[in-house]
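Here the structure comes first, spelled out in structure tokens, and everything after it is commentary.
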Amino acid sequence: MSGTGFDYECSSLSPEGRIFQVEYAEKAVETSSTILGVRCKNGIVLGTEKIVLSKMMVAGTDKRVFSITTTTGSVVNGLTPDGKSLVYRGREEAVQYEKMFGIKIPIQVLAERLAMRTQMNTIYNGIRPYGTSIILAGNDHIKGLGLYMIEPSGQCFEYYGCASGRGKQLARNEIEKVNFREMSVDEAIPLIAKILLKAQEEMKDKKQELEISIISDTTGYKHKILDRVFVDQLTLKAQEEIENEQMEMA
Amino acid sequence: MDLENYTNVNIFKKVYEKREVSSIHNVVEQPHHLLKDNTQHAKGGFNPYVNNQGTTVAIAGKDFVLVAADTRISQGFNILSRDYSRTTKLTDQCVITSGGMVADIETLHKLLIAKVKTYQRQFKKTPTVESLAQLLGNTLYGRRFMPYYAFNLLCGIDQNGQGSVYGYDAIGSWDKLTYGVQGSGSELGAPILDNQFVGHNYLVKTLPDDVSVVEDTGKDIINSIAERDIYTGDQVEIVIVDKNGIRVKREPIRRD
Amino acid sequence: MELDYLKTLPLGGFNFDNCIRNRAMAESGILQAPKTMKTGTTICGVLFKDGVVLAADTRATGGSIVGDKNCEKIHNLAPNIFCCGAGTAADCDHVTEMIKRQLELHRLNTHSENRVQMAALKLVAHAFKYGGQIGTHLIVGGVDVKGPQLIECSNDGNMYSMPYHTTGSGSLAAMAIMETRYKENMTREEAVNLCIAAIEAGIYHDLGSGSNVDVCVITRNKYEMLRNIKHDNFKVFSKPGGYQFKKDRVQVVEEFKHKLVVEAGEQPMDLS
Amino acid sequence: MKIEYAKEAVKQGSTSLGLKSDRNVVLVSLKKSPHDLASHQEKIFDIDDHMGIAIAGLTADARYLCKFMRSECLNYWYTHDSHHPTERLVNKIAKKAQVKTSHPGKRPFGVGLLVGSVDETGTHLFETCPSGNYYEYIAMAIGARSQSAKTYLEKNYELFASLGWEELAKHGLRALKASAQETELTEHNVSVGFVGADQKFRLLTAEELRSYLAEINDSMEIA
Amino acid sequence: MISGQPRTHTQVPVNIGTSVMGLRYKDGIMLAADTAVAYGSMKKTKHAQRMAAISSDTAIACSGEMSDFQELLKIFREKHDGDVIENDGALFLKPTDYFNYLSRVQYQRRMKGDPLWNGSIIGGVRQDSGDVFLGMVDLYGTKVEGNFLLTGLAAHYCQVLMQNSWRADLTEAEARAIIEDCMKVMFYRDKKASDEIQITTITKDQGVKIHDPYRIQGEWNFQFFHDKTNEFWRPIRIYNN
Amino acid sequence: MSIADLQNEIIPEVNTHSVQTDGTTIIAVKYDGGILLGADGRSANNMYVGNKVSDKLEPIHQRIYCQRSGTSSHTSTIARYVRYYMEIQANELGNLPPVESAAQVMREIIYSNKNSLSASMICSGWDPYKGYQIYQVNSSGYFEQGNWALSGSGGTFIWGYIDANYRENMTRAECKEFIKSCIALACYRDSSSGGCIRLLDITQDRVERDYVQYDDFKIK
């Protein structure tokens, strides 16, 4: 991967036409915790799994899920501070849009604006790209539900289900296997917890912690982060299911 | 002689049309939020200043300071609140009371509290009354061209343990006094204070030492002002500052 | 024959010459006309089954200073007609005095009782003539052959009648009481209590009114003037020992005594 | 790399640690003095009546952050007449730190903070690091040789929950002793600050320090 | 727009909402306002809602310039949303915070000479500690707290009624009766008031509840009004043959 | 509006031509299946009629129209701004812009410059998200939504008529007659409205203009 001297600025492309800084950023995202977003019949579920760095941490402190407006949520991975600066940028865009156009910012417009922002960090010399990928989920009366993911390179697409981080491949297969489109949000949550834990295969020894949030018609499309107690039970239940699945396979 | 000019009225038709009827009905007709005595009512403009009236008296004693203030704030002829405290504590040894416009007073007091807190955090000691007096003077002058509509009395125990009162005008000219009165009843209260307490006009400079006598005088002054000044009334709030802290108590006075 | 000296006589009635001068000076900005002070008051009147109740507060203010703590605002126009006056105190007193004299003359000429409406109309005509410059807001009440009546005459010269009236700076507070508690055909006690409550509303809630409540009840050929029926506003606290004026407070620089020699008349009082 | 070097600067700073129970948060830190003539470097600052911080790393950066936090708290009090919520203030610091890492011309803060405070949602102990990350702990130690202090805290952190602030302070001093084996703890080079649900943020006076240190030294069981 | 003309700020209120009232009763706060917005002397809007819930435990009622009231709502919505999306365990903005924030906003606008021309009453009952707050801010930023508050003309008229009949343990029905009395007086005497009023109750368990508007009954059928017409007063006799 | 105009404005006697205002009666009514907009044709200053048959119906986007009343220079500039912002929003959304945001942009412009503008406008139209909507922003920035809207100096004369005769969900023909008689009555009484009636019918799939000349106002 070393680009022999081409890899320190974004302003220079290597002979093979690659910007190494961006690829380093994508690498940082690859090794970080898994995040995924799934669109269901009546809402969207966002989730992430984290390793608890030290026993003495208060539960739920390393927040990865943020809400941009009361009806749009987001989850970030990789360098959390970079992710948060994108979230703050998103909040400013939302307030400015609402002040001028009087309606809540459509998720599609928000996603495009944040994507442009991310891309802007990949062209100037000296400014490093965002070392984070962000999944945006929201609902508005313009286009209904929308689930977008923005990569460090500035790419931004709309998904039915998307994932990023170390368990990306495994999560994608699981999502394709289960037909979430027909499922309701409440049915989808346990499955997603299982997928997230499976994605953490190789980190089994450390204490794992999930963080899940939903936007669904039951909560009036308000972005709600599920409270700690509920999520902890979920993780325990999911772990047992994985164990007995392993027993059957072995 | 024709009756026409006998009555002398119609000659001044111009005067008749132009003048503004100053009857009460005219006041009620105006948009309600501009309800103040219509003499200085600018035509349709927004006047940023309003005087919420009220009176406050401060008397310095040998080792204490007494503040007596009424607790009524009003706007025009209508009472806004009957139990509004006009004094705030800046440090354990220093209190500020003011009459004038409540919005400016509260902002000024908050600003002073913030500056005192920063001073305490930075130098690890509480500021003395003299330094606060200087600070207040500068703060007021800071807003020379849009002044705080607040007439302040800064009272506290100075370094050698004596009570002291600092009197201010709205834009920051101040000096050290032994007693002071501010607000709507100041013209009524000033003569009693001059007579009863030792001030500049006395050759013998001895500060009163008996708290109860000074307290009774303070209460009596506010009561007598309430008799004659329509903007003073409801309750009198007595604040006594001495070396072991600040005591506050309230007593009712005439409510009309 | 031409009585030219008549022209030199001062014309009767009000003299408005200095109005032009005042206006010219005010416009030129040299001198601002003295601020016309708004006097505060609360007066009210109410009709009941067989009569009228008039009530008033007793505070006369000049701007923000209380001039008189116990003045009388209910004026007697005729045995069966009373009127309470708000606005400029001098105007009310003199105008009511003038109307009282005219009513008395009318009573003597026609050997019959005065009518409330006539008193009201005289007041209104007078006020209109002077274009509202006379600050008299009056509530005229009385009982005459047409029954109990209550009429309000404002300073610009209109009059109207309602079962209950309030005027003065405290009229707003008093009107709230009237509007909510007035009932038709009230008894004497109810009407008096209602009026007292209305005036107390003005006393406590309006800065322009205060001190005590005067009430006057007028029924067919009888009136009762209840002066200071309620008087619970007094100085709450006064310094126990009163004020001493110690001589030693001032440093004596020099003392000079001189015996006063009196040639005639009694000896001066001994002051030593 | 910029961030790793900044974290290294935090490790150079003398140890600071913090621990919290349901009602109190205690901050303890070892004060270094460049040489015996100079006074000891102040390590614990009071931000507001309900919040205090202990620092590790470049004290100049720390002073800048402390001034920023104090004015933020005052502004919040000026507009809302209530205490600044802790997490949001720590968020603001994290945002400032993050900006320093993404722009070319700027260097990250070379200081880590332990923010101890009390608000409606209970007691909080946050640790911020130059990368802009912040985490909430029950107990935490930062600075030089903080690892040994951490091991002590990890052993005992379960029983902190219900303790009063005196006990917490003792645990803190024992942890500090574990990490500062050779230097002898006196009331000059140790400072302890604490805040409680009903107790404004306050530093321990010299006598209190002396009494606690005495207690620690004689009942010194093996860390 | 007009070049060369300094951008003057002093605005004059145009769409005026009449006074609003607020009072504390046994289990919380009751705010009341009528539903008319007057454009000069014309009652332009008959069903305007002049009260709004800022958050689940705080409500605001506003009199004065209604376009400024809409601006105020935008400011508060932005403030509340900012508090919600923080997701840090609790909503830190309590009724007192919103109250002080509003007085700071009004004070700053007054300093610029471009005020939000409103007299607003903020009431709130904190769901956790249950303590009740009622405060009023006028266009200068003056803060007044109390058990019952009135803005605009009602301050002159109905302060008496509130003072005489307020007790700490008022039931909701009694509180409603007091408010209806005051609204009746306002409907009689205030040119811009209407007889359709709206009441908001804020209680510990239900939080902010804005009831639908309803009309109040005035006293119009006194005998005096019927027969004491001008024929009775004027010196003229009309004979019907 | 140059300074000269402004000075003229202040000294009435000397003022030959004051600022061009649309005295105007403008009305918008929602009927069953669409919205009908009506406006008179007179744009005058305080002395004489500047434009006899001016068109006060401003197109903003495919299915959004706004009606102008107040100083015509101000209102046309505001309409230009709103058209510009709506185009941006339409591009970003890739679909028709919501009527609500057109109205909110107008409100934002009028409210923040309320001391130097005199414009009170009605913005109505159709969008795929909320269907037919009518919004009204008056000259001080007060924002209202409703099933019908009325503005302009002529409007004050016909409040009574509308209160009496307005019914929800009228048919298209009934609504047309209703608007015609409203504006005719207004022009009958208001000296700064008149000339002609311009009508506009907005439905989901088409927008249709109509012109009624003075002599068939059918008012006695």
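Going by the order they are written in, the chains are A, B, C, D, E and F; count residues from 1 in each one.
Here is the rule we go by: a contact is a pair of C-beta atoms (placed from the backbone, for glycine too) under 8 Å apart; a residue touches a chain by one contact, two chains touch by 3 or more.
Just so we're clear, the structure is a prediction, and the values are computed from it rather than from any experiment.
> Note the shortest touch-path length, in steps, from subunit D to subunit F.
2
> Given the touch definition stated above, what is the smallest step count connecting subunit E to subunit F?
When the steps are counted carefully, the minimum from subunit E to subunit F is 1.
> Based on Cα centres, what is the most central chain?
Closest to the centre of all protein C-alpha atoms: chain E.
> Measuring between Cα centroids, which chain is at the maximum distance from subunit F?
Result for max centroid distance from subunit F is chain D.
> Quick one: report the Å distance separating subunit B from subunit E, using the average Cα coordinate of each chain.
30
> Whole-Å distance, subunit A centre to subunit F centre, using C-alpha means?
Computed from C-alpha means, the inter-chain centre distance equals 47 Å.
> Nearest whole angstrom, what separates the Cα centre of subunit B from the Cα centre of subunit D?
The computed centroid separation for subunit B versus subunit D comes out at 46 Å.
> Could you work out how far the Cα centre of subunit A sits from that of subunit B, in whole Å?
Computed value for the inter-centroid distance: 60 Å.
> Among the residues of subunit C, which ones contact at least 2 other chains?
172, 204-206
> Of all residues in subunit F, which are in touch with two or more distinct other chains?
Not one residue in subunit F touches at least two other chains.
> Give the residues of subunit E that touch two or more other chains, as numbers and ranges in rising order.
9-11, 13, 153, 156, 159
> Which chains are in touch, pair by pair?
Applying the touch rule to all chain pairs gives A-D, A-E, A-F, B-C, B-D, B-E, C-E, D-E, E-F.
> Quick one: which bits of subunit D touch subunit A in the complex? Just the residue numbers, please.
Against subunit A, the touching part of subunit D is residues 91, 94-95, 97-99, 101-104, 131-133, 135-140, 150, 153-154, 157.
> Any idea which subunit C residues touch subunit B in the complex?
6-7, 11-16, 19-20, 23, 35-36, 38, 40, 59, 61, 64-66, 69, 86-87, 129-133, 135, 137, 154-156, 167-169, 171-172, 203-211, 233-241, 243, 245, 248-251
> Taking the touch rule as given, give the residues of subunit E at its contact with subunit A in the complex, in rising order.
It is residues 74, 78, 81-82, 84-85, 87 of subunit E that touch subunit A.
> What does subunit E use to touch subunit B in their complex?
Those residues of subunit E that touch subunit B are 9-13, 16, 18-19, 64, 103, 106-107, 110-111, 113, 115, 117, 119, 138-146, 152-153, 155-156, 159.
> Which part of subunit F faces subunit E closely enough to touch in the complex?
Contact set of subunit F toward subunit E: 1-3, 6, 74, 111, 113-117, 138-144, 156, 159.
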